[in-house]
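The chains carry the letters A, B, C, D, E and F, assigned in the order they are written, with residues numbered from 1 in each.
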Amino acid sequence: MTLTLHARKRLELVLDAPHLERYLRVLEAHGVRGYTVLPALGGKGSRGTWRPSRLTDASDRVVVLAVVSEELAKELLVDLDVLFDELPGVAFLSDVGVLRPDRF
Amino acid sequence: MIHSRHRQQAVDVDAALATLLSPVVLFFALGFGAGLGRSSLAVPEAVAKGLSLYLMLAIGFKGGVEMNHAGLDPTLLRTVVAGLVAGLGIPLVAYAALRKTTALGGLDAASVAAHYGSISVVTFVAATEHVERTLGSYAGFIVAIVALMETPAIVAGLLLARRAERGKGARFGGALMREVFLNGSVVLLLGSLLIGAITGDEGYRSLAPFIASPFKGVLCLFLLDMGVTAARRLQDATAMSTRLVAFGLLMPLVSAALGLALAVMAGLDAATGALFVTLCGSASYIAVPAAMRIAVPKANPAYSLGLSLGITFPFNLTLGIPLYAAAAARVLGS
Amino acid sequence: MIHSRHRQQAVDVDAALATLLSPVVLFFALGFGAGLGRSSLAVPEAVAKGLSLYLMLAIGFKGGVEMNHAGLDPTLLRTVVAGLVAGLGIPLVAYAALRKTTALGGLDAASVAAHYGSISVVTFVAATEHVERTLGSYAGFIVAIVALMETPAIVAGLLLARRAERGKGARFGGALMREVFLNGSVVLLLGSLLIGAITGDEGYRSLAPFIASPFKGVLCLFLLDMGVTAARRLQDATAMSTRLVAFGLLMPLVSAALGLALAVMAGLDAATGALFVTLCGSASYIAVPAAMRIAVPKANPAYSLGLSLGITFPFNLTLGIPLYAAAAARVLGS
Amino acid sequence: MTLTLHARKRLELVLDAPHLERYLRVLEAHGVRGYTVLPALGGKGSRGTWRPSRLTDASDRVVVLAVVSEELAKELLVDLDVLFDELPGVAFLSDVGVLRPDRF
Amino acid sequence: MTLTLHARKRLELVLDAPHLERYLRVLEAHGVRGYTVLPALGGKGSRGTWRPSRLTDASDRVVVLAVVSEELAKELLVDLDVLFDELPGVAFLSDVGVLRPDRF
Amino acid sequence: MIHSRHRQQAVDVDAALATLLSPVVLFFALGFGAGLGRSSLAVPEAVAKGLSLYLMLAIGFKGGVEMNHAGLDPTLLRTVVAGLVAGLGIPLVAYAALRKTTALGGLDAASVAAHYGSISVVTFVAATEHVERTLGSYAGFIVAIVALMETPAIVAGLLLARRAERGKGARFGGALMREVFLNGSVVLLLGSLLIGAITGDEGYRSLAPFIASPFKGVLCLFLLDMGVTAARRLQDATAMSTRLVAFGLLMPLVSAALGLALAVMAGLDAATGALFVTLCGSASYIAVPAAMRIAVPKANPAYSLGLSLGITFPFNLTLGIPLYAAAAARVLGS
């Protein structure tokens, strides 16, 4: 028996923890139905290398993972692009298959 | 006269040495050395945060119990005004100094300035140890001033950032307002102060084995961690110019001098005044970085944390505190 | 007669006020307020878990030392039976109430019912503070009852869930059995009790500076965190209907009344009885959520934690405990 | 010099920590030779938004990442689909290339 | 409005925390401009199942995520392949699209 | 003569029983049982690391204060030499034994050998409790020997690994050198020792409520966690052959016998000697695993941690320590 997979988009954002709420507000505004937030330990980007700032969460980063339909992904990217002018962050988009299409 | 000044100086030097060789400073030095040598010594982040909460709860509660004893102090109001003046004035001086003497851009300068206008709770806590030993007990209300002085500098930094980038870089908003007025350390300090003031001696007796007896030991463990963190911040900030380093060493002296003048005007006694001067000379590394991250997202925290944690904090802990206390003793009478 | 009842009531009100203004409750209120205001105040999760382990170890060990003194109490067995009756009976009442008065489905109602049949260790710990001050010392074996009462309600909840969804929603299995009989708090409470009973006074002397002197202070710090957590749970559960909220406020009173009847039958003294009544009135937020997650995966934990942590816990800590103690004192004689 | 990449499937599961063991048992039953478990900080799904439950791990989620062959992926999905009827969780499948084909 | 996505490669490494520095040195040597390090909780591989070692970080693993250009990805894989002879670790490569091509 | 030996044995057995029934060992047993039963009892990793730092800080500081009292001990230098001999010699013996009697490959045998040549700080700390009770106070400088003995075995293990795989498997380098000479526990132990020696009685008085009074309680909580961890390690290492298990039980006896001979040569008193013997008999689970991971990446840590934590640590804590102390008392005179 083989199951059919349904094509969706996997959006991955790396952003600063203090701005998470603002990014999630964009996701909510577009009706994203699911996402997962993961912690990051450190990294490097245009603003140099970083590690967690310990006593304050001012330099912590998180990864947001959201699997959405292609149309929704496109809409989201337009808004995220605007946000990236103001806030730090990067976005990656890739293809995934899901089992239960009505959920994503 | 000259004779007594000599004696006074000998006392100061002895007190400074005693502080430099106290377990508190030695554990900081141990952590700092371990950090510079890139030892694997590390206090887990959660434990460090827990210790920091403990210190704030304990210092707040003890301040509140003191206030319960002393009642409302007539100098309290004057000290509040002095704290506001310092919190709003120091960032202006710092901003001007940074723009004149260093290559920092407007947003970064504003962010650093806010850090120096606010205060460092741990520097304060370490100062209470030194002050109690050398100048006797201080007014409990100064803990309220600690909490109060965390905030105004954030507002000053924000206005400076706005001027620097006309509305683009800096944002007010709900999240920021919460960070400013309800940040964890403000709430914990003021809340514990209030609880201490309400429950008074009875509360103190029941909590003393937790908040009083082990206090100094916890401070040692915490400063061990602060040493490691400060060394890391210093290394991360290797890109810092000599001028920035000079700022990190001289700015606390300028702020402390301003603080001393304000302490005179507020009519503080030597012990309380020494703590007020230390607050002015210290720079934030908890409340302000969090607020600036939201308010001025494009500022690079490597500068502000490198300066406040990597340079000014070690300076204050070792040389600054004895110096401020000695100056306060001279000027305000011991 | 009337006169003495008046005096008794005045005493009750004084005791209640003393508890409401104790550092323990005030720190909870501070955390609760900070949480409602969405302050950034937060105790790291690992530290909160560590504090919770400390409290269980300490309370278990102290109970064991008491048992070592008192030897086997004839009422112990009767109290075990009373605890079993409460643990199995309360979920039935709670389930019926939820299905009658609220819109919760079968699985969710079963899960919530299990939470109310089990107990909250922190509520118990806070109650010991109040009871010791107002009613004197209690029987050490009650700590064994605390551990015992964590479990039966899970079984009751599971059977209710099975009836609600014929075999589909609820599962028995190795992982669940471990969660039920070997969950961390049961093992730590019973283990520490046993170690306390074995090592007795000698053990107590060597551990007292760790488990006795700072106990109240640690409790304050822990309740600060519980306040923040409770406020968050309350906010997460904004979707909760008025009827659910009413359940969260009235159910503890119903369970406590049942507990009082059982305490009478078991022949408990006022202090021990007050703690037993508190156990009945409290709702689990550690052992049961973990077990329900495995046993009834489709139940939504937002309901059970919203009710037990967001509503019942704050109620018990502030009003419930003094009320239960006063009732026990009246009925069981002080 | 260019290395040849071998095509494999990247399976990503988001699930409740208390059910991890049951999911891993499915992976083990199919002879999956490698996987990695990552912590999650929070998220949103059909059962609403969540954050870690702190004192109990009852509401913690984890992400499981397993790179497997295409056949194995298909087999796994069939079993996971059954499990999803009973337990909460989502699965995403995508294409990856690996260097050492004998390991996956 | 639709935004153009630019094709890049998503490199994902799972490695032992004590060797992170050596892996990052390879990334740095090739001029990788951004990466993110994520913590792992446990897993299974050719050296058996593992969980964090608690008192020492000797058995902790991390995931490194780097989005790079296709050429860079190829160069990196050559060096990583050499490193894998000596150190434990696995690498997965997949396709992603990014918004701001000049950054990756 | 025979009579007194009988009496001596009765004393030994009593002391061993007292240790086996001390809270410290009982809490370890509780954790171990919970771990074997796969209970959900777990101390958060960050808290366990924090407790471990506390124990090292406290034991180091107390050792330093002792050294401040005693001045430089003439036996110190001889003990340093004895420690070096043990640290370099034990790995050779262990390696030969592993290659002869078990199926471990060269790299794995070298890694395990390094673990047994180094020491376990927690075993040492638990031994101080037993030794102080049965043999009286020990020389403070032994803490310096603890720190010293962490390192040489790493070098020995590395050379063995190199011989086993001609340059391929084992690497020297900056990261490794840091791990060897600046690993966290070495720095913290030596640093705290130094701070204790500098600040002496005055420092001790100010820190005692933190590092002395609650010490034993903290040790209990830590050993609860060590019990869980040891049980898990044992279960992870189910693949271990009977011969490996035998190695884990016999090797500490061999190392301890060697240590006793060295203690005689160094002229140690019974209490200090008992601790030295314990150090030789114990196996590392903090410093060496970290160093071996970098130095011998292809070695499987499941063997070394399974043996040192899963088998040797529980053995030493329960039977080893009383045995070593009794042997030291006999040979070195009590």
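Everything below uses one rule, namely that a residue touches a chain if its C-beta (ideal position, glycine included) is under 8 Å from a C-beta of that chain, and two chains touch if they have at least 3 such contacts.
Since the model is a prediction, treat every value here as computed from it, not as a measurement.
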Third chains touching both chain D and chain B: A, C
Chain separated most widely from chain C, comparing mean CA positions: E
Furthest chain, CA centroid comparison against chain B: D
Winner on C-beta contact pairs when A-E is weighed against B-F: B-F
For chain D paired with chain E, centre-to-centre distance based on mean C-alpha positions, whole Å: 18
Whole-Å gap between the CA centroids of chain C and chain E: 47
For chain C paired with chain D, centre-to-centre distance based on mean C-alpha positions, whole Å: 37
Distance from the mean Cα position of chain F to that of chain C, given in whole angstrom: 41
Contacts with two or more other chains, residues of chain E listed in rising order: 38-39, 94-95
Overlap residues in chain F, where contacts from two or more other chains coincide: 44-47, 49-50, 209, 213-214, 290
Pairs of chains found to touch, sorted by chain label: A-B, A-D, A-E, B-C, B-F, C-D, C-F, D-E, E-F
Chain A residues touching chain E - in the complex, by the definition given at the top: 12, 14, 38-46, 61, 63, 74, 77-78, 80-81, 84, 90-95
Touch list for chain D against partner chain E, complex: 1-3, 5, 8, 10, 32-39, 62, 65, 67, 94-100, 103
In the complex, chain F residues that touch chain B: 44-47, 49-50, 53-54, 57, 61, 178-179, 182-184, 187-188, 191-192, 194-195, 198-199, 203, 206-207, 209-211, 213-214, 290
Touch list for chain B against partner chain F, complex: 21-23, 26-27, 30, 33-34, 37-47, 50, 209, 213-218, 220-221, 224
Interface residues, chain C side, partner chain D - complex: 45, 48-49, 52, 168, 175, 229, 232, 236, 285-287, 289-290, 292-294, 297-298, 300-302, 305
